[in-house]
Amino acid sequence: MTILTVKDLTKSFTLHHQSDAKIIALWGVNFSLEAGSCLVLRGPSGAGKSSLLRTIYGNYIAASGEIYVHHKGERVELCDASPRTILNIRKNTMGYVSQFLRVVPRVTTLQIVANPLLECGIGEEEAFEKARSILTRLNIPERLWMLAPATFSGGEQQRVNIAHGFISDHPLLLLDEPTASLDEANRDVVIEMINEKRAQGVAILGIFHDSVVREAVADDYYDLTVGDDTSD
Amino acid sequence: MSDPDYNFAYLDEQTKRMIRRSLLKAVAIPGYQVPFGSREMPMPYGWGTGGIQLTASLIGLDDTLKVIDQGSDDTTNAVSIRKFFRRTTGVATTEKTTEATLIQTRHRIPETPLQKGQILIYQVPIPDPLSFLEPRETEARKMHALSEYGIMHTKLYEDIAHYGAILHTYDYPVMVNDRYVMRPSPIPKFDNPKMDNMHALQVFGAGREKRIYAVPPYTKVKSLDFEDHPFEVQRWENSCALCGADNTFLDEIVVDDHGERLFACADSDYCQTRQAEQGGQR
Amino acid sequence: MIEQALLKVEDLAVHYGDYVACEQINFELFPGEVLGVVGESGSGKTSLLKALSTQLTPDAGRVEYFSDIKGLLDLYELPESQRRQLTRSEWGVVHQSPRDGLRLNVSAGANIGERLMENGERNYGSIRQQAETWLENVEIDIDRIDDMPTTFSGGMQQRLQIARNLVTHPKLIFMDEPTGGLDVSVQARLLDLLKKLVSQYNLSVIIVTHDLAVARLLAHRLMVMQRGRVVETGLTDQVLDDPQHPYTQLLVSSVLQP
């Protein structure tokens, strides 16, 4: 089953306060993604890999083109979708793990990780149980669970972020360098988790700088090049 | 005979007519504060200028006037006002509650139940129950208009929260005719139940604040309270040392230089009448 | 499934004489949605909030509210009594200054209980008990129930304001810079609390703020205002990360990063 289809997608930025400079970030992007498969984005820095993930996630507005997501049994086009539809899709269908953790200050790690489940109406007991188990798996020491992650190391924050992104059962995951600042052992845990998601039928679109991760999870590749018409 | 230098009852006829019109409105809308063009009276505010203007516009040649101050007919305020009306109208005055057609009062309701045809005129210092709670006059009027009185209960809530009981002992707010919350003027809450379904007409005048309000005869007057903290009146362990009454509002009176004190009815007419009856029986 | 909008605003305008505070305001708000209104001082956001929350009568336009109990209501066609009844039962307003949103001369308990009493609650024990529950919900020590709000810190006063509004389980809350004037540490706690309450009670919120960080953490959607007009709307993170309008770009790029 096709989970995600991207058609003729372009993205540009107009910088109104810098002489109306226009930057083209994406040009003519076309691909589709099946359930249970992992598509890895490749391309040099500045080719628009992160911009593509952000545009699909609704964080950036596409200049033209279409994005279809299989959401609750329906094919929904995202570029023209209302903010409410996008929020609903983010809540139930499409997860996104960025390189950075953005949370309310002073909220505990355990709470942050459990939140996506709580917001979907899952009971506290179950949500916290799952949060504990995923934090354990990602080797976040228990003494940190009741602390806010603001003071954690880069790798720890990254893993809290992964726990937060992986705890839900979203059928589509967008991963932006989730292993960037992880040591080998933790990196391997994440590889394992990605492959489990694949086995469960989750479609994954990812950017992985680390070739070990790439090769361990990729079913296919999609190449982007700087400011160029990149079609496969 | 009235003093010929004054118009009957001091005020000019136009003013009395204006006040009567306001009074009619007040009677028609029980508990509603009607603004009126309060006049300067030949005495300071706080001495009952509102009540006096009401009395002046109600009194006629065949009336009999009684004036009480804290229940007593012979304190300064009562004596002066009685003299004022004797001089400006020449009408009969009395100390007997049962004989009076008009009773002007400061801070009490007589113990003897009032009858149909009598009018009780209250002197009011501050007419609006919402003042001090809602500082904006415009907002307070709107709250009256829309019968939004939740805030009245916050005051009672505070008493219970801090002292375990509602400590308001006088000027205890009442709901009139299930519509307007009203200040009964600083009468002891002991008197509140007398206002309910009273046979007499009750009118209230605030001279400085320029407001008139009224409770027509046989109107429901309910003291505000909570279901689990119902309204209660004061009770005394003593009975009146002079007449022996055990169901009246008592004043505590120091009787000598050694601090000896006794409790006696605040309503002097009621107490004296009872004493006379008891004397007659003996 | 077509969901019923809780609030629908059409062509709303507020004028002060010849001066246009805001105009041509159109939007819908759905249950559980938090809408942030951002823009610099004088952009008309507070006037808009006041016109929506019936603190000020708009000069043009319509505001429709869908009440669970009373059905679809045209706010400014309603008799004033009903409008006020609505604002103290199904709505809430959290002011920037606790001075405007609290009664400073009565205790914390009475502050919370006031709305209950306004809505006809006459049982002291029950009022007391609900006041305690709500103090707990906003993380204020129950022992402070009989203390005056003037003895509370700024953060506690804001939390008391929230409790005082939420005690009647409103559907819609208006907030004007609720974290303005608070220390950042206190602000963080308040934001966390607000987020929790919003999801727990499925509250719809319209929050006016000039603090984009606050908007990012609380709001689902943003409306950017400039000189009384809405110049951009969209998902909060989209508006902040990919602003389209020149003014929004300026606003976002002007924020100091700590």
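Letters are used for the chains, namely A, B and C, taken in the order the chains are written, and counting of residues starts over at 1 for each.
Definition applied: a contact is a pair of C-beta atoms (placed from the backbone, for glycine too) under 8 Å apart; a residue touches a chain by one contact, two chains touch by 3 or more.
Quick caveat: nothing in here was measured; it's all calculated off a predicted structure.
A linear topology is adopted by the chain contact network, the touching chains following one after another without closure. Distance from per-chain Cα centroids to the pooled protein Cα centroid is smallest for C. In terms of the distance between Cα centroids, subunit C is separated most widely from B. Averaging C-alpha coordinates per chain places the centre of subunit B 46 Å away from that of subunit C.
Averaging Cα coordinates per chain places subunit A and subunit C 32 Å apart.
In this assembly, the C-alpha centroid of subunit A lies 77 Å from the C-alpha centroid of subunit B.
The residues of subunit B never reach two or more other chains; the list is empty. Residue ranges of subunit C in contact with subunit A, taken from their complex: 30, 33, 184-185, 188-189, 191-192, 195, 199, 216-217, 220-221, 233-235, 237-238, 241-242, 244-246, 249-250, 253.
Residues of subunit A that touch subunit C in their complex: 13-17, 54, 58-61, 83-84, 86-87, 102, 104-107, 118-119.
Within the complex formed with subunit C, the subunit B residues making contact are 142, 146, 148, 150-151, 153-155, 157-158, 160-162, 225-229.
Listing the residues of subunit C that touch subunit B in their complex gives 80-81, 84, 103, 106-107, 109-110, 113-120, 122-125, 127-128, 145-146.
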